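Below, each structure is written out as structure tokens.
Below, chain A partners chain B and then partners chain C, in two separate complexes.
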Partner chain A sequence: MRFFKDLKAGDYVILAITAAFLGAVWYQLAFQINYNWDWSGIPSFFVYYDEETGYQQNVLLIGFFNLIRIAIYSSILSVILGLGLALMRVSDRRWMNWTARVLVEFVRNIPPLVFLFIFYFFVSDMIFPVLGIRAFAQMLANSDSAVVGFLFGDRVFVENLIAGVICLSLFEAAYVSEIFRAGIESVGKDQREGARSVGVTKYQEMRYIVLPQAFEKTVPPLVGQLITLIKDTSIMSVISIQEFTFAGSEMVVSSGRIFEVWITVAVVYFIICYALSVYSRRLEIGRTGR
Partner chain B sequence: MATSSLQTALLRNVKDVVIFLGIFGLLALGMLWVLDQQSYDWQWFRLWRYVYIEHDGQYYAGPLLRGLFTTLEISAYAIVISAIGGFVIAMMRASKLITARAIAKTYIEVVRNIPILVLLFLIYFVLAPVFGLNRFWAGVMTLAIYEAAFAAEIYRSGIEAVPRGQKEAAKSIGLRPLQVMFYVTLPQSLPFILPAMTNLMINLVKHSAIVSVIAIFDLTNEGRNVIAETFMVFEVWFAVAGIYLVVTTILSILASVIENRTKRFYAR
Partner chain C sequence: MREKDQTPMNPPLIDISNLNKWYDDFHVLKDINLTVQSGEKIVICGPSGSGKSTLIRCVNALEAYQKGDILVGADRVDAEDKNVHKLRQRVGMVFQQFNLFAHMTVLENLCFGPVKALKLSKSEAEERARHFLTKVRIPEQADKYPSQLSGGQQQRVAIARSLCMNPDVMLFDEPTSALDPEMINEVLDTMIELADEGMTMLVVTHEMGFAKSVADQVVFMDHGAIVEQATPDTFFSNPKHERTRDFLTKIIQH
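For the complex of A and B:
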């Protein structure tokens, strides 16, 4: 085999070490912990068959759909907020620049978990009742329409989901704004001066000259940020939002299949994020290749 | 000189300063108004006993400070392990051996594409029993493994930033590959590596909050405990966020000092 011809002495050492490591893990699992592997139940944690109603989605699949919902809503909201912050950062008015900067630095310098704890409590327990969003969420939850079910999943958690999405978006917006700012600043000065000299207004300059060029440059890092966002949705499980990691821990408790469930959860996250990162890399190669 | 220039800068931008302060004043007022609507009871005076305890003229660390020490302890271990581990992985990625490259690449891709929380659960629930790690070390290893993948990328880009000619010149005067790496490439890549590494360290301190999920009593978890005991939700979370901000700010000042020193050292 060609493969073995290419291996050098060092390769065999590394292979031996890896094999020894995996062997040790296997030995510990099989003989010290006596863990009984049982993967047979895992598919039914996603979809199970019911005699009366046919195929039904189970906890993990519901969690997975919630993860997708949260990721889509948050990415849209955080891109809008982030663009706003970025425009403030590059503004000629200093107070805008300072305000955006303080907000961004504040978010970037406290742990995501602490940010989520502060804002989730503030948003869901304080702002929602005052602004009447709680009543609105309850109205949605009580309505029977299929659209609400499609958009928010389980009706009981509508308010929960909205609050979580807002918190995550506020958090990610700080990072998205830095991406947009870099994109806007990368547009050459001559472009802007050229625009000014033909007499377009500041708004037109931003809208027709700077932003189109900036957006093109920001696509690959934005996809990278989307990966981070998807990974960050997992910490929402800590504030009891029913997303994928939360579903995983629920399934661990109810089935007792600790190893299998956590490995499955990790694999699903890996597949989503790895696919996106391959896509992001391809975008980047496409750009530089031109 | 510095203060006078600051003064003139402030005077020149009076309008901007006023609007800037006005915005944050309004934000604070709005928040207070919302909390008032929910009749939130501010009790800042009760916070101090959770930061430090005075007993017979002696001062002891309260829960929050003890939590901070745990956070710093975990971060310190994780920083050392991830700096070394990241270096090993970077060396493996740059190696000529196929298996070394494959293992390093797999490691980086796997770690970078699963959430740190899921990694924590994997290590705490799956690997910790296998290797007999306790909670504390499961937390340390999670942070170390997670950040090592990023550290490896930093080392790699630092090494790649050194001009090729340097390596070729070193090879042509007869240095062996390891000598080229340690005497020529690495010393020159240090100015590229250090700023990114200090940034990574700051990130690690922030990410360490995640270990509160497996009941390690770090700053975040102590904060949650104090809240469960006293219901001072905002006071405690603001205090916790403030402590994290102070720590990260001190670290970033230290980072810029180190950066300036290395720059000056290399400029000589």
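For the complex of A and C:
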């Protein structure tokens, strides 16, 4: 095989050490810590069969759907907010520039979990009542339309979900804005002056000349940030949003199958994120190949 | 020669008076006075760093200035004015590096200004674009991207893009300096044709042949000031200033 042909002596040493380490871990798990592996129950944590109602979603599948909902809403919202912040960062107006800068620096220099603790309570207790989102969320929660169920999952958590999505989006928007800003700044001054020379407005210059060229360059890093966002949805478990990690911890507690459940959870995250990163690499190759 | 009371027959199209510009402490333009009549062709030359590019970039407000006035028609050029884009629609600009929109085809490059700034319909703009592409003799390149064209072709597209706006005056900022030698003439020929049709032109260039055959006036700049202004005949055969003579020997030698 090509892989083994290219290896040097040092690589064999590293391979041997890795193999020995993995072997030791396996040995510990298999014979030393007296853990009974039992994967048989895992599929039923996703879907179970009920005599009366037929096949039913179980906690892990519900959590998985919530993960997808949160990821979709947050990525859309964070791209919108991020674009706004990026435009503020590149604006000539000093105050806009600084407002955006303060938010970005604030977010980038504290851990996501701490940000969530601060903003979740701030957003849900102070902003929501003022903006009427609380009333809106309660209205949604009280309606029994199937659409609401499809969009927000369990009605009891609609408000939590909205608050969580807003917090996560604010957080991710800071990073997205840096990606957009880099993209915008990578568009040469010549392009802007070309636009000015044909007498279009500043807005048109940004909209038709700068942003289209900036977006083209930002797609691969944006997908990278989306992967981070998907992983970051797991921190929402601490504010009791029934997303995938929260569901995982519930199943661990109720079933006691610690390793099986967490490994399953990890595999699902891995599949989503790895698929996206392969996709993003394809995009990059497609771009440079043009 | 540069006296304001030279009493032209018509009010000048461009009237630069007492123009001064600083980059922080660096005085880039010093008391520039220059008028351009409608239909007049003026070539500005001078050593690099003399401020000639900065001067014409001030005319369409790509650069701001701190003192003096530039009038285009009756309007004062002011880079801070929120209607500055209206003024730029009347003042065409051709850049050294072409500055074509990289993500648009040639045709889209040409239609962009007419559609977005002049609010022409797509079909009108396209008709106009094809007309000017034929004029600069590359109608067959309409659907290519700028990166697929040679430098000379790109610069001709840039000239056509500017023409599509029907400008009152065209500014050229060293239009042939970024070109390979064999492509310089195709661009100069286009410019000469334009001049013959009566376009008002303000051209920064080192092409002295172009200056001799096309210019009504040649302006020599050094260290941010206009040193000498004369008709090409006088300028080349009988330059008054030491620095002009110096410059001419250097430029003609190579």
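By definition in this document, the second predicted complex is superposed on the first by the 271 of 290 C-alpha atoms of A that agree within 3 Å, B and C clash if a C-alpha of one lies under 4 Å from a C-alpha of the other, contacts with A are read in each partner's own complex, and residues count from 1 in each chain.
Just so it is clear, a residue touches a chain if its C-beta (ideal position, glycine included) is under 8 Å from a C-beta of that chain, and two chains touch if they have at least 3 such contacts.
Keep in mind it's a predicted model, so treat the numbers as computed, not measured.
Novice: Quick one: on chain A, after the overlay, do chain B and chain C clash, or do they fit? Just give me the call.
Specialist: Pair status: fit.
Novice: Given the touch rule stated above, what does A:Gln191 touch, chain B (first), chain C (second), both, or neither?
Specialist: Second partner only, chain C.
Novice: Mind telling me which of the two, chain B or chain C, contacts the most residues of chain A?
Specialist: Partner touching more chain A residues in the overlay: B.
Novice: So, A:Lys231: does it touch chain B (first), chain C (second), both, or neither?
Specialist: In the superposition, A:Lys231 contacts chain B only.
Novice: Output check: A:Gly286 vs chain B and chain C. Expected answer is one of first, second, both, neither. What do you get?
Specialist: After superposing on A, A:Gly286 lies clear of both chain B and chain C.
Novice: Tell me which partner A:Pro43 touches in the superposition: chain B (first), chain C (second), both or neither.
Specialist: Neither partner.
Novice: Scan A:Gly23 for contacts with chain B and chain C and give back first, second, both or neither.
Specialist: A:Gly23 contacts neither chain B nor chain C.
Novice: Taking the superposition on A as described, I'd like to know which of chain B and chain C A:Tyr208 touches: first, second, both or neither.
Specialist: A:Tyr208: touches chain C, not chain B.
Novice: How far apart, in Å, are the nearest Cα atoms of chain B and chain C after the overlay?
Specialist: Scanning every C-alpha pair, the shortest chain B to chain C distance is 13 Å.
Novice: Taking the two structures together, which residues of chain A meet both chain B and chain C?
Specialist: The overlap between the chain B and chain C interfaces on chain A is empty, containing no residue.
Novice: Using the touch definition up top, name the residues of chain A that touch chain C in the complex.
Specialist: 190-191, 193-202, 204, 208-209, 212-213, 216
Novice: Once bound in the complex, which stretches of chain A touch chain B?
Specialist: 6-8, 10-11, 14-15, 18, 25, 28-29, 32-33, 93-95, 98-99, 102, 106, 109-115, 117-118, 121-122, 125-127, 129-130, 227, 230-235, 237-238, 245, 248-249, 252, 258-259, 262-263, 265-266, 269-270, 273-274, 277
Novice: In the complex formed with chain A, which residues of chain B make contact?
Specialist: 13, 15-17, 19-20, 23-24, 31, 34-35, 37-38, 40, 95-100, 103, 109-110, 112-119, 121-122, 125-126, 129-131, 206-210, 212-213, 220, 223-224, 233-234, 237-238, 240-241, 244-245, 248-249
Novice: Which residues of chain C touch chain A in the complex?
Specialist: The touching residues are 60, 62, 85-90, 92-93, 95, 97-103, 112-113, 116-118, 161-162, 164-165.
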